[in-house]
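Labels run A, B, C, D, E and F following the written order; every chain starts at residue 1.
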Amino acid sequence: MRPAASPLLEARALSFFRQDEPVFGPVDFALHGGEIALVEGDNGSGKTTLMRVLTGMLRAGEGEVLLDGATFSLDTMAGAVVFLGHQLGLKFDLSARENLAVSAGLYGMRDGITIDTALADVGLAGFEDEPAGRLSAGQKKRAALARLLLLPARVWLLDEPYANLDREGIALVNRLLHEHAVRGGAALVTSHGAVTFAGDEPRRIRLHA
Amino acid sequence: MIASLAMGGYGAYVWTAVAVFFIVLLIDTLAPLARRRRNLRDIRARIARQENRRRPGTPASNEPNA
Amino acid sequence: MANWVPLWLHRLGSPPTFYRFAGSVYPWALGLAILLGGVALYGGLFVAPADYQQGDAYRIIFIHVPSAWMSLFIYGVMTLAAFIGLVWRIKLAETVAMESAPVGAAFTAITLATGSLWGKPMWGTWWTWDARLTSELVLLFIYLGIVGLYHAFEDRRQGARAACFLVLVGAVNVPIVHFSVNWWNTLHQGATIRLLGPSHIAASMVWPLLTMMAATKLYYIASLFARVRADLIASEGGKAWVRDLALGPAGGGKA
Amino acid sequence: MTPGSTPAACAALLRRDLTLAWRRRGDIAMPVLYAVIVVTLFPFALGPDAALLERIAGGVVFVTVLLAMLLSLDGLFRPDIDDGSMEQLMLAPQPLALLVGMKILAHWLTAALPLIVIAPVLAGMLHLPGPPMAVLVLALGLSTPLLSLLGAVLVALTAGTKRSGMLLALMLLPLCVPVVIFAAGAVAAAQDGLPWIAPIAWLGAGLVLSVVLAPLACAAALRIAMES
Amino acid sequence: MRPAASPLLEARALSFFRQDEPVFGPVDFALHGGEIALVEGDNGSGKTTLMRVLTGMLRAGEGEVLLDGATFSLDTMAGAVVFLGHQLGLKFDLSARENLAVSAGLYGMRDGITIDTALADVGLAGFEDEPAGRLSAGQKKRAALARLLLLPARVWLLDEPYANLDREGIALVNRLLHEHAVRGGAALVTSHGAVTFAGDEPRRIRLHA
Amino acid sequence: MTPGSTPAACAALLRRDLTLAWRRRGDIAMPVLYAVIVVTLFPFALGPDAALLERIAGGVVFVTVLLAMLLSLDGLFRPDIDDGSMEQLMLAPQPLALLVGMKILAHWLTAALPLIVIAPVLAGMLHLPGPPMAVLVLALGLSTPLLSLLGAVLVALTAGTKRSGMLLALMLLPLCVPVVIFAAGAVAAAQDGLPWIAPIAWLGAGLVLSVVLAPLACAAALRIAMES
């Protein structure tokens, strides 16, 4: 684990405006390696919006995002962050294995892991060659979770990773998060608070509508 | 006067051109004025709605039921 | 580039300031435009003598040519504004570029219509596919594409940025329109009217033309300002000054 | 090629797009069939006068190829944006312009190349004779990548909107006008036995310019499009 | 409440095949007026598929579906069933109110309710005129739930109504279901079992993958 | 009109589709602009020879209108299927064929009517003279609803597939051949001063037949498409 001098991901007085109305108020947090934070908020409180601002896809209204102590921008820091959104980024015509191969080609691969072990780890053993479009809603989510396992990124931004998963799937997400923290990574997870977050008691960031 | 309006037989062309000029520019003048009025009306409605959201559920609210 | 540009623009670019400024200029610009336009048309349609070749049909020139000039001039203004808007992210410049487009499209449409109306008696056809006519038609499509792209976005600011981009891409067409008569042999006449040098036509034809040119420029300013005001209200909807305006006694009334 | 390096990323993306196209190889055939059918409609609409058809052959083939490419352009970025793949591309450690260039290349290979192959057949159906045919193929070879590149920039601009198909047509066609004039002009010149090198050279110059600039413009436009 | 002689919705040895493999085994159940059943199953166990078979959208492989004692078919029974799927059926360019007006025009309206009271009831007071596309994921779901309130249909088929909702939203769904049962309606609800079903203890139907 | 009755349902659906079109009124303008631009391309591709252009005017205008309608057809059922509205229509207590008929009507009003209005201008730009122009408008008035109806059946058939635009074009174009032959034939006859009633009468007969049959076929096709 690296010295936690500068936090991996930091937001300073971050806010976002739509037509001059704040979607979420100024948010401050600092995530060091090994930390996981849960962003909670009711429907419409701006969780998804916050995530997109953190990836650099939306331009922050005020405040700034720092990655490893440096101002984050898509050009300089790309590759350090992996994002799992409402849209999973799976090509329905490619098999789960092929989908992961593309991600690995783009982002590189963590040492000591293969695509097939990652798929087995998320419970999709036997579905490797099934086109992603034929998987059920929850199985698709699992395939997307396998990406997290595979890629070397140290910061995970997960938007509602629990949605559509059964109990076992939720436990899986928690295990992945735990292992990631142990490896020294940081993760920000949103949830509308209806599912119990079963891992170690995490940091909580609340958004208010 | 009539003669000059007839434009030596080309009156139809010249006056249609003048009419096109005025009609197009008239529409172009009125459009933003109407839009400004509509925008102001929308903003008033939005303000009213936001007031409504701050004091939610005035009608038909039997929430504690759940 | 020097940073006095953003500084200066930021000062005038404060939306409430500009809103008030535009509101006070608007009636003067529009009034003067109507006045000059009336004088020019009177001069052009009744005072100026008939052309020895074209008879009275040439009088369309007093509408056609100033409109044609405006259709190009406005695109030039848009290009400049779009560039400033994209480089320095100045909202007002984006707005000026976007709100100029409908006015430019209007003048382009007028040019096409009056050109056709002139072409029928002169060339015996409403339309030919000569370089100037076609490039002017393409200019209309570009204007419409810009307007369409701007409105296709849910988010106005985002739409403005995308459409500003398109403005820059489409700017190549403007020199083509202007120089087409020199580059290709066409039906359409070349620069017969010289503003400065000795011109082939009588002074009584030139002054209405110049007056109309001034009138269309003023009209452009008036229309642009009215549009920018409407746009500012929509895009600044959440700000206090707009709320005050909306809830104000006369519902905004005069600014 | 270690995974994550720039060549590996380009290869992975190109392979992905080509595989996807292959999985839906019916769709590759579509532009070709579309072009065939549109060209076939003309003799029906105009009557089977061979001299007339020969006279319009070059122009009709160009317009048809252009329209066919236009239809396929809409699918260049839209699916990636809708299913969240675009976000992954933007967050990847490679320059977006390069990745976008790969996507444009894949698009040209799958959408335009088959059209170039079929074009002589179409022109033949309209009675275009042999020598101008060679010029036609050459002109298509230069103008279709140009159209792919220009189209990609515009399609990226419209990517943030809901429905883009028609808007795209509106924006693209003015830009195509010079391309069509030069390309069809070259064929017409060849048909009349005049020199046709000059318009072809113009097309080549335009192509070189846009190979360099279009991917950059495209990446910038996509950034704007994703901000919603 | 009508005499519960024949059940409102009944499935007899119902199954569905994809490429000759059963997606779910033979399912039997009978729902009388006033009854609510929860279909549970892991990811990929066929819950969504069962729902679509019940609406008549997919043709049952074996077995049959009875509505009010008569064989169900789209032509004869339409209007008695209202279905809420993964896709909510909202037009993003229409406001919530306009969306509901269309549904009311198509299906008719229950007595003693208006569109605005239905919207207020699901917590969307003040959002009536907002285009549906601008609502957040959970707000969209609520707008779709308002349809249930409005329409006179006696059978509700709800596919994962709890997904994307915050705690308050889940309570809302439970209240709607409860009121529907009291009025004599029947409802079939799927859930992947990760959310606690907080209403009266319902009937449970389990699907196995 | 009590809510839920058949007239109320038809009115609600028609109003919905027209409102949606109005909200995106830019999209209504698009087919028109597309047609304008495609027609404009021909003089570029063929050169500005007025006699040649007049000769092909009728045919080009028909083909263009056809292609413009084709592009808009893709949006007839696709959005409803994607967002789940189609399921609601199918479960509604009204006959699906009737509801589908309303959707086709709305489509014709928003997509085809503007094209009919602009067609004389397009034909004029290609130097088509006055009297054939009247026949052109008449022929368009009969053939565009025919195309809407035929197109709707096909678009319903392809609705179950992912990307239908091209496939649709392919399937529709052969069906359009007779329509194009009759419509362009009538205009050509008028241009040559020959009687043009017969082809127009055939178009009318085809229209009557398809008004009755197409909505039924369409509803059946949609049922099949939703089973996936």
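Everything that follows uses one rule, which is that a contact is a pair of C-beta atoms (placed from the backbone, for glycine too) under 8 Å apart; a residue touches a chain by one contact, two chains touch by 3 or more.
Quick caveat: nothing in here was measured; it's all calculated off a predicted structure.
Engineer: Using the touch definition up top, find the fewest steps from chain A to chain F.
Structural biologist: 2
Engineer: If I list every residue number at the interface of chain A and chain E, are over half of them used by both copies, so same, or under half, so different?
Structural biologist: same
Engineer: Looking at A-D and C-D, which one has the bigger number of contacting C-beta pairs?
Structural biologist: Higher contact count goes to A-D.
Engineer: Would you kindly tell me how far, in whole Å, the mean C-alpha position of chain E lies from that of chain A?
Structural biologist: Here chain A and chain E have centroids separated by 31 Å.
Engineer: So, what's the distance in Å between the C-alpha centres of chain E and chain D?
Structural biologist: 46
Engineer: Per the centroid of Cα atoms for each chain, what is the distance between chain C and chain E, given in Å?
Structural biologist: 56
Engineer: Could you pull out the residues of chain A that touch at least 2 other chains?
Structural biologist: 86
Engineer: Going through chain B residue by residue, note those that touch at least 2 other chains and give them in order.
Structural biologist: Within chain B, no residue touches at least two other chains.
Engineer: Taking each residue of chain C in turn, which ones touch at least two of the other chains?
Structural biologist: 134, 141, 144, 148, 152, 154-155, 237, in rising order.
Engineer: Within the complex, which stretch of chain D touches chain C?
Structural biologist: 153-154, 157-158, 160-164, 167, 170-171, 173-175, 177, 217, 220-221, 224-225, 227-228
Engineer: What residues of chain E sit close enough to touch chain B in their complex?
Structural biologist: Contacts found on chain E: 116-117, 120-121, 123, 125-130, 171-172, 174-175.
Engineer: For the complex, which residues does chain F have touching chain C?
Structural biologist: Touching chain C from chain F are residues 26, 29-30, 33, 36-37, 40, 43-44, 47-48, 50, 53, 124-125, 127.
Engineer: Please give the residue numbers of chain E that touch chain A in the complex, ascending.
Structural biologist: Contacts found on chain E: 41-45, 48, 86, 135-139, 141-142, 160, 162-170, 192-195.
Engineer: Would you mind writing out the residues of chain D in touch with chain A in their complex?
Structural biologist: Residue list for chain D touching chain A: 2-5, 8-9, 11-13, 15-16, 19-20, 23-24, 82-85, 87-96, 99, 223, 226-227.
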